[in-house]
Each structure stands twice: as structure tokens, then as C-alpha cells.
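Submitted below is the structure of interest, expressed as C-alpha cells.
Letters A, B, C and D mark the chains in the order given here, with residues in each chain numbered from 1 onward.
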Amino acid sequence: MKKLEVGILGATGMVGQRLVSLLENHPWFELKWLAASDKSAGKPYAEACHWRLRVPMPKAARDLMVHECQPGHAPQLLFASLDAKVAGTVERDFARSGHVVVSNSSSHRMDADVPLLIPEVNPDHLALVRTQRQQRNWKGMIVTNPNCTTVGLVMSLAPLDRAFGLEKVLMTSLQAVSGAGYPGVPALDILGNVIPYIHNEEEKVESEAQKLLGKLADGRIKAGTFVVSAHCNRVLVEDGHTESVSVALKSKASLEDITETWRKFRSVPQELGLPSAPQHPIVVRDENDRPQPKFDVETERGMATVVGRLRPCSVLQFKYTALSHNTIRGAAGAALLNAELMKAEGYLD
Amino acid sequence: MKKLEVGILGATGMVGQRLVSLLENHPWFELKWLAASDKSAGKPYAEACHWRLRVPMPKAARDLMVHECQPGHAPQLLFASLDAKVAGTVERDFARSGHVVVSNSSSHRMDADVPLLIPEVNPDHLALVRTQRQQRNWKGMIVTNPNCTTVGLVMSLAPLDRAFGLEKVLMTSLQAVSGAGYPGVPALDILGNVIPYIHNEEEKVESEAQKLLGKLADGRIKAGTFVVSAHCNRVLVEDGHTESVSVALKSKASLEDITETWRKFRSVPQELGLPSAPQHPIVVRDENDRPQPKFDVETERGMATVVGRLRPCSVLQFKYTALSHNTIRGAAGAALLNAELMKAEGYLD
Amino acid sequence: MKKLEVGILGATGMVGQRLVSLLENHPWFELKWLAASDKSAGKPYAEACHWRLRVPMPKAARDLMVHECQPGHAPQLLFASLDAKVAGTVERDFARSGHVVVSNSSSHRMDADVPLLIPEVNPDHLALVRTQRQQRNWKGMIVTNPNCTTVGLVMSLAPLDRAFGLEKVLMTSLQAVSGAGYPGVPALDILGNVIPYIHNEEEKVESEAQKLLGKLADGRIKAGTFVVSAHCNRVLVEDGHTESVSVALKSKASLEDITETWRKFRSVPQELGLPSAPQHPIVVRDENDRPQPKFDVETERGMATVVGRLRPCSVLQFKYTALSHNTIRGAAGAALLNAELMKAEGYLD
Amino acid sequence: MKKLEVGILGATGMVGQRLVSLLENHPWFELKWLAASDKSAGKPYAEACHWRLRVPMPKAARDLMVHECQPGHAPQLLFASLDAKVAGTVERDFARSGHVVVSNSSSHRMDADVPLLIPEVNPDHLALVRTQRQQRNWKGMIVTNPNCTTVGLVMSLAPLDRAFGLEKVLMTSLQAVSGAGYPGVPALDILGNVIPYIHNEEEKVESEAQKLLGKLADGRIKAGTFVVSAHCNRVLVEDGHTESVSVALKSKASLEDITETWRKFRSVPQELGLPSAPQHPIVVRDENDRPQPKFDVETERGMATVVGRLRPCSVLQFKYTALSHNTIRGAAGAALLNAELMKAEGYLD
């Protein structure tokens, strides 16, 4: 099978670098085109990009020329990890010009006609692109993945919502510095410190969770009716958002029911055998002090959500700790899995 | 006024060191006696103690001889910061022998006849020592302060409980490594990591909060009826426990009401002018990203609880961030303020 | 005595903030004027400056208006801690207009007619400003202090050079992140890492050391004839540059001779009683694992160089560890002490 | 080919864990036997060992029973990574009983009849075991690898010594916390700090380097005649010792000569194709800010020494930065490569 040619908008940032890395030797996609800000355009990627991953820059990407973020000669399928300031407009321009924009940016996530997807959670929401194309009269489309803090939370909640109905969720995050991009958080701000604030993060988590766990009907999403409250903190961790979560469900569920529901959880990406899908979307750890970013963030190549410490909560019903890799499962890997779902379901033909 | 001679049981640990430091030039107390484990006994303090504070070891303490933890020639008033394994027995032995033991250990905190005190919160609970001395037929007594994670939480809740009645509290902590003592947390465990578990910590916070905000009547404490649920995490911070707190109250209160209640909060230590009392037990920060351990942990010489980010909570009613210094307000300073309260109220005459 | 009014060029950066802090309640100088980049100009300091020190912003500075960096209404005496890109020109403009510019920037340090000063080391070099004013036909003048890495090294070498003659110096630094300013080093670059390179730093240390320990004669500096080789590394420390130093001297000196030379070292600032002068410019620690930034960086309010671990070196003659506070003794405090020396010696009348 | 059965003395420590990990799926050796301190003996490895590596514990090791460190049923070939307090005696007991002890401990490294080996550097020194067995009348033998700080230094020096002759070496290390074992360095000691002292480390580096680069003749090692001086510092890095090195050679060599010598360096392990041998024992980085532990420590599976920043040194002749993985190339991998060399050269038949 000939691989589908793909490009990246915003290829030099942290998420762009993860995309470049994850696309190396991808069985379905071939990275052929890179774009970034004007100051990078016109240079080969190896020169334009201040590579910050521990894994080396893929050889094939080194010599790709970096283009400006303008439609024209780009491949049809584009991953977008642009700076929030420009993402909205650029993505719209590309979609209007016929490109399929698989975006990690927050700009269009909450647009009523834009799918906000976690392939294990709400793959059916992808159909919302039909509404989008009709209403906007676009040849292309925009599909988005959630914020890096939302993904781990909603992944761990989704099977519980299906089985028992969600009522209330209270989540406190301890977020890694890579979530702020590069250069991102200054060492002077975070060494020996906690920053109890991340701009707009709590609002994103609360609204995205309700859209993700909503129902698609009549060409629109009816948001979930549960409530979510988030506290977001920054800590000195490189990769991996840790979340302390308390939950109340509508139906009765024992701790054993919950553990079993998590362990058995498989969904469309696993059934379709999508290349980036984790075998186990939720991995349950039994030790009393796990998950920990240091040991668990790379579980299933960074694509699993790892949960542990399930126990009763005297205020809601039960509580636990969840961890997921914020630049893989929470960003680049999320976009990639979205594109794989689209390919498998015929949206890229 | 002649100063009262005092001693320290467990003088070489992290909390013992803080006590030694806080007692330097204390207006009421004079440090005259130190005790620690057998391997330290018989050495001068400067030699026995691996001093770990940034402020230098007080000159007067350097030459004090370290004794074994046995009653006999010790002063009547003793601060105790012993290892949990031996604290229970040693404190009992000293109290039985007539000493006033002002303890930071958890061993006797939840004993029905032992006061668990935050002088700003429940100074009247001190009267419980009468029950204690009668029942145990002791000449001395034991008085305790709460766990380092409990203090900041309960300090911020107490004035709200008085004014509006507490119903539910959900707290997630991001705790400093000094809370684990010395050597405590290995660098290999916590560098670039979060540990989502601290042995027994959640249980302590939940039970101590209810005792602290309970009512003393007929020689016993009737615990508070609100519920508390805690998630406790360790992060790479030296000093200062940060807490993300969500609360529901029994009576209606606006965010302005809460802020005003915090700002106005003064209590017995402030009225009595106790030497270690902070002028403002609760300091409210207006910035959207404070309190932070780096900048705020030393507020009021480490004796204030600093709060900020007050905002609505969609699951309970409102949420905020609290910070307090875990080895000062949460341990050594807490014990010292307890002793000052006892002195001011005539318990040491 | 009426205080002398002073201003700061580059008041919002890390060194500017330290200057603002050190000038609070200064007995000789009163901070009356602040300037910074155009985007800060026109705002009160509290608003323009993202304050990053643990000590709070002085109240008196909060409401000072920030000006553009242009001569005109500024006080005669100006501290300069401007970004290297603009420092050269701006400082020259102010000096030409009659201002005394006491600069922390590297732009003019190596100019043949600009004094590069450490008041304990080469206070006589201040007379070089006479040459400067003649040659440049300026009413004002520029006086500079060395790079933050040079200061601790040269302070520890100066008394040895006087007593025994320096021949060779090999120094490896472990430098704090605050040395790179703010935002400076990204957390993603330095967490769990060492960066073995700091742009131009080694060149500065090598050339500045020779100028500082040179002789002033006939209106010019004859550089020291010893050789210096530097390796500069960045590590995850907030404040305090640690230096591993090996030295060969021209005359024979025992380890006891060296220790005694360090301990006895006093110089002009101590004799003149300059307000910011440390009582002991060099503090010798006897423990085998000191100095350490955590415990020793604040020695003498950050104005001392702390040395320890003196022992033989099989390649040169002896070796030791030196530590000094890079934004106090190595920058803001250095400039302040220079100004105090100038005041005491009549250069500001 | 049937694999050779091997065991580990000190299997639960940091180096023991690395050995267990590196022996998983080893083509020549099969891990069959584990021993550790008495408190671990009698438990399965999964229970006895507090596993601290990011890679998971190999399945095959989980159920191996941990034995006491006593000869008897152990395999002939044993890797030893025992605590320094007991290593000397235990290793001797096993060697006397006929075991081949491939040790990472310092106890016997400097014994005149014990080979201290880096297979790329002095593989011929292995023949020293003949002297050892004769003199000690042992059926077994002890072979050692150098200290973790020595390895990277000597690897980078060896080809230069061969080509140009070493005269003087001055090295300052910035060492990772894993070098101190587990629990090792307390977070409270190293957070935001540098510790300029590691017990006995400088002495080890200086003496081991001379033995490693010495000549074997007449059954004894004639130590190298160059001088080495070391400054050893601890920094907050997990794995990877960074070294700032200055060197003087006996013969003239340009920077190009040195780079080319490093790049071309291959030795016996490469020629023999030993399974753990890096393809390039020395990897030269061209960037001006490399090597860095974060990006380079895993080069060649942690078995290469990575060098960079080669430039002139005004005190000696040239200087550079070297990095090597302290628990792989500097400990577990070093021992493993020694055993592979012994196997390939017929010492284990």
C-alpha cells in the first residue's frame, strides 16, 4: 500500500517535534511537508528546529524544507500544532482550501460543528464533519483532539460513564513543564516550586470533558450532564500529567466494578487495530504509590492512561490517580490516532 | 522575667532542628536540654546533629550535650519531635514523670483525652488536659499539634466553619520533601517525578480536621460533622505544602464573604500577643497564580497560611489554593505556639 | 546627611530587581528613578516588573514610574544592568551626557580606559576614569564590575597573587540559572541536566581576571601575566556559582599559608567601612563538603566569597572550591559596592 | 550454543538492578542466581528488590529466589556489586571457592594482582589473573572495572595516550545522583544545590587512571607516569557523569589530530564483536553545547563515552567535555563487557 503523504503545520514546536518523531516509519503515513513560522521558513528542518526530544531527530526529516503556513503545495492531510495566537485563522484557511486539518490547537475545539475526538471515547463524533462541511461549505475539514489535561481524565471516566453514568468529577492536576511548550516555563519559576495556575486550563478541562462525553444526534453534540471541577497546577516534571480525581456516579458501583470496567475497556481503535492505538487504553497499577511520571509515563509508548490508588472518597464516592503522557497521548499521539481513525473509516479517501 | 527552661526530645531531626532554630532568642523560653537517639547521646549537639537548615545552627545550641530520651534531669517543659516508632512510649514516660510534653508526633493526637491544638482554631481544647491528668493520674501532660498537611487546611477552614458551617471539603496536596524528615525522600525517587502517596497522610488529615473543628463539652471532644476527603502527593519542593481545596458550606456565602472572613480572621494568639503568633494567621493573595512555595512560604516568618485563587467550584461551592510552611507552621512553630498558649493561659505555672 | 539620588537603567531584569532590593534603606543612596525597555516605559514599576525575588518588592519602588533609557531628567548616578544588545550604546550616551554610569554589563569592561573593578581587589584602578574622561572628552564616566563568574574566582585569587604571585589557574564552574537572567534557562533544558556551555563566558573569565589583577601605571592597565583557563557549565541551582579551582603560584606557599592569607584578607572597602562591604570578603569553611550554594550563598548577605576543600593538586599546586552569589556579589552588589567606593573616594562630588 | 549460567552478588542495589536488566536476553549469559543481604535472602526477587529503573523488571528475574552471599550452589561466573563494607571479604571468599568474580566494587581494584579493566583500553591486563591465581593459590579469580567517574575519563584519554603520550590531566566532574546508589543522596541535600565532595572519589580517579593506562610486564602493572588531578562534584542529574577535562600531551597534537584519533578509535571489544560493545566507544559531538546528560547519556545503549567542546586550554594544551552513563558504562555494563571479554578470550572455559 502506498503511504499517504502528510504535512505538519507548526513543525518546530514541542508538539510538532513529537509529531515528526511519531511519524518516523509510520505504516500508513509519510511525512513530506513541514511548515512553521516565518522565521523558520526557507530553512531545512535540522536547522530551523531546536530539537528538544531525547530521541534523535529522524534522518528523513532533517533535510525537509520548512515552508510558510500557507495553503498551496501542502499535502491534503495536515497535522496542526500551531501557536494559539495564529492557529484559528491558519487552520480555517487550510480547511477552506480543501485540506484535512487534524489539529491539536484549542482554537476550534469547542466550535459546535467541529469534532473533538478521543478515538476510544467518542469515535462516532467524527461524523460531525458532515455538518461542518455543509454549514461552512468547505472542501476540507477540521478535526481536533482535547487539551493534554483532559485526555487522561476523560479516558479514565469514559468507560465508567458508559457503565454507571457520571454525576460529579473533581480533578486536581500536577502538570509537566512540557505542556507549556518551548521555551515554556523558566527554570527560575519552577525550581523547588509549584505554580497553582495555568491560563485557561481549568475552563478547557471542564468544557471539553462535557463535549467529549456528549451524544451526537441530529448533526450536533448534546453535552454530558455531569459536572466537572478542575484545579490545575504546574510541577517540575518533564513529561506526564498526574491527576488526583474524585468521582460520583449515578448508579451504584463497587471498587471492584470500577477496576474491572477499566481493565476490560477496549474500543474502536483497538478493534480496528489502528497503528498508534495502545493495546490497553487504560492500564491499572496495583501498587499503592503508582502511577508515577518517572516510571509509568511511557506505558504503551505513551498512549495509555495509567490509573491507580482507587479507594473510597468520603465527599464524592471514590477517588484515584491517573497519569497520561501530555505530549504523546495528550497532543501529538492524540492527533495521530485521530488521523488513523479517519483513514480507517474512509474519511481520507 | 526569668525565662522558662525548655528541652527537646528528638533534637537532631528536621523538626528538632527547626525547634532549636526558633527557640534562639525566644523571649519566654530558654533552650537548656536536648535529647535524641542513643547514637547521638553523649555528644555535643554540633557534633551529633547533621544540621540541614539554611540558617546557621544557633551558637548557644552547639555545645549543649545531647542526652538519652529518659526522664530525670530534663526541664519540665519539653518539645517532642521523635520518630513515630518510639514517640508514643517516650512521650508517655515523660508525661507520667511530670513533664509537660508538647508534641509534634502523631502517636497521641487522636487519643480522646489529648488536646490536638491549633491556637487560632481551638484554643479552648487545651482544657482537655484536665480530663487527661485525672484519667491517667499523671503529674505531667501531653499536648499535640496536627500533621503538617492538616494545619494549613484547617486554618483556612476554621473561620469559614464558624461563620457559615462546613459541610464538605475535598483537598489535594502537593507536599514538600522536608515533610518526610531527613534523609527522607531519595533524590532518585523524586527528581522529575510526583509520588501520589504518603503513608497514612490522608487518614491523618481527614480525622484530625474533624477533631480540630469539634466542640469540647463535658471533658470530651465532639468531632465536627462535615466530611473531608484528601489526596496527598509528594513533589520536589523543599518547604511548603500547597493544597488545592474545594468546599461546600451549610449557609450561603459569596466569594466576597469568604475573602472578608479570611482577611478579618484574628484569634486568641493574636489577642494574647503570643511571641510566635503571626499578625495575620491567614494572608490572602490577589494575584491569579499565588500562593507559590518559592515566594510565599516564609510569609509571617512561616507562621501564616497563605490563600489565593478563590473561585466558584461547580462540584462543591468554591475552591482555592492554600499554602503553609510544613516544618514551621506545620510542625516546630505549631508546637512552639502551643507552648506559648499554655504559658499565657497559666498551664505552665 | 542628605542621600544621593540614584537611578537604574534596566530596572526590570533580574539584576535590576536585585539593585532595587539592595537599594532599599541604603544609608547613602536613594532610589528615585527607573528606566527600562520601551514596553515597560510609562508604567509604574509594580506593573512593569515581573518581580522574581523571594524578598518582596520594596514599597517605595512600587510606584516609581519607569522611564525610557534616555538621558535628560535622570539622576547623575546611574546603575546600569541593561541587556547586552543595547548596553554599549545606551551607557555611552548617558556618560557623554554627564552621568556616572556604574555598569554591570560586559559592553565596556575590556575598554582600555574603563575601570573594571572589584573594590577589595583593585580599588586603585578607579583612577583610570581620569584617562577615560580626558580621552573621550566626557563629563560623565563609565565604571564596570566583572562577570558573575569572574568575581568569586578573582576574589579568592587576589590575596594569593599579592602574597605569592599567580602563575596558572584552571577553573571549572557550575553556574546557577539566575546568571542567565529572566526568563533565561527553560526548565525543559536544565531539569535533570547539565549544559556544558555558556556563550562567551569562558572568554570573559579569562580576560577579565587578567585585567583585574593587572597594574595601573601611566593611565593604563598592564594585564596580569598569569594564565587562566575556564570551563563553564550550567546546573540547576537558583543562585550561587560554584567553582572548582586549581592553581600554581610563583613562590612557594603551604596550604596553611594559603588559608591564613584568605582568613586575614581585608581591603579598602573594609577599611573605609563601605555599607555593602562584607566584614570578611573571603570566608573559609573547614568542613570537607563545603561551600554549597544551598547553605553558603547568603554568607555576609551574599557579598562574601566562600572557599573550602583546600588540598594539594598534583597537576598544578593546590586546589579548592569557591562559591559566590552571582546576582549579588557577582552583579548588583558588585555595582553597588563600586558606587560606594566612588562616593567614599570623592568621585561623586 | 548453550548459554553460560551466571549469578549476581548484590542484586538488589542500583548496579545490581542494572545488571539484571542488561542480562535480560543476553546472547551468551543466562541469569540463574541472585544473592543479596540477609534481609533480602529467602524472598523472590520481585519482593526483595525495590526496583528503581524506568525499564520494567525482567519477567524472568521476578521469581528468582534471592540467596545469601555464600559460596555453594552459585554458578561459576558471578557479577559482584556489593556494598563496599562487605565486598572485599565476600568477593575473596567466592574467588577462593573457585568462582570467577567480575566485580564493580572498589575493594580489590588496586590490588597488585587484580586486573582493573576497560576492555577497549587495557584488555591485555586480563592476563594478570595468572599471577593472581598463582600467588593466592585460588581456583577462582577476581576481575574488576573502574569507578564510574574513571571510565569516561580514561576512555577518552586512552587513544590520546597511545598516539601522543599523556602528561597531565585535570578533570572536574559533575556527577549524577545514581552514582551514590539507593537511597543514596537525599532530595533535601541536592535540590537546587551542588555538593562539592564525594568520599574517596578523587583518590579513586587519580589512582585508577594510572593503573588502567599502565603496562603489564612480568606479571605486574607498571602504572602510567602522567599525573591526574580530580575535582568531584555531585549535581541533580539522574544518570550520566559530565566531566570538564584539560590535558597536556607529550607529543604535539592539533585539535584535528585529537578529534580524528577519537573518531577512529576501535579496540578489542569491537574487533571481537562482544555483544555489549558499543560500535563507537567514543562518540564526538560537533555542537557547541554537547554532550549533555539529558540528550546523550543513552548513546550506544549507554556504553559510549560522548565527547565534545574540544578547544585549546591556555594552562595545559586542550580541553573538552566528556560524558558517560555511570550505572551502565560506569558500572553494570562495564562488568558485563569484562565478562564478555573473558568469555571471548577463553578465561571462562
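As a convention for this text, a residue touches a chain if its C-beta (ideal position, glycine included) is under 8 Å from a C-beta of that chain, and two chains touch if they have at least 3 such contacts.
Here the structure is a predicted model, which means the values were calculated and not measured.
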{"item": "Far-end chain from chain C, centres as C-alpha averages", "value": "A"}
{"item": "B-C against A-B, pair bridged by the larger set of C-beta contacts", "value": "A-B"}
{"item": "Rounded Å distance, chain A centre to chain B centre (Cα mean)", "value": "42"}
{"item": "Where chain B and chain D are represented by their mean Cα positions, the distance between them in whole Å", "value": "47"}
{"item": "Residue list for chain D, restricted to those that touch at least two other chains", "value": "191-192, 236, 238, 294"}
{"item": "Contact set on chain B toward chain C in their complex", "value": "54, 191-192, 294-295, 298"}
{"item": "Of chain C, residues touching chain A in the complex", "value": "14, 52, 177-178, 182-192, 236, 238"}
{"item": "Of chain D, residues touching chain C in the complex", "value": "168-170, 172, 174, 191-197, 206, 227-229, 231, 233, 235-238, 242, 244, 246, 288-294, 308-309, 313-316, 319, 321"}
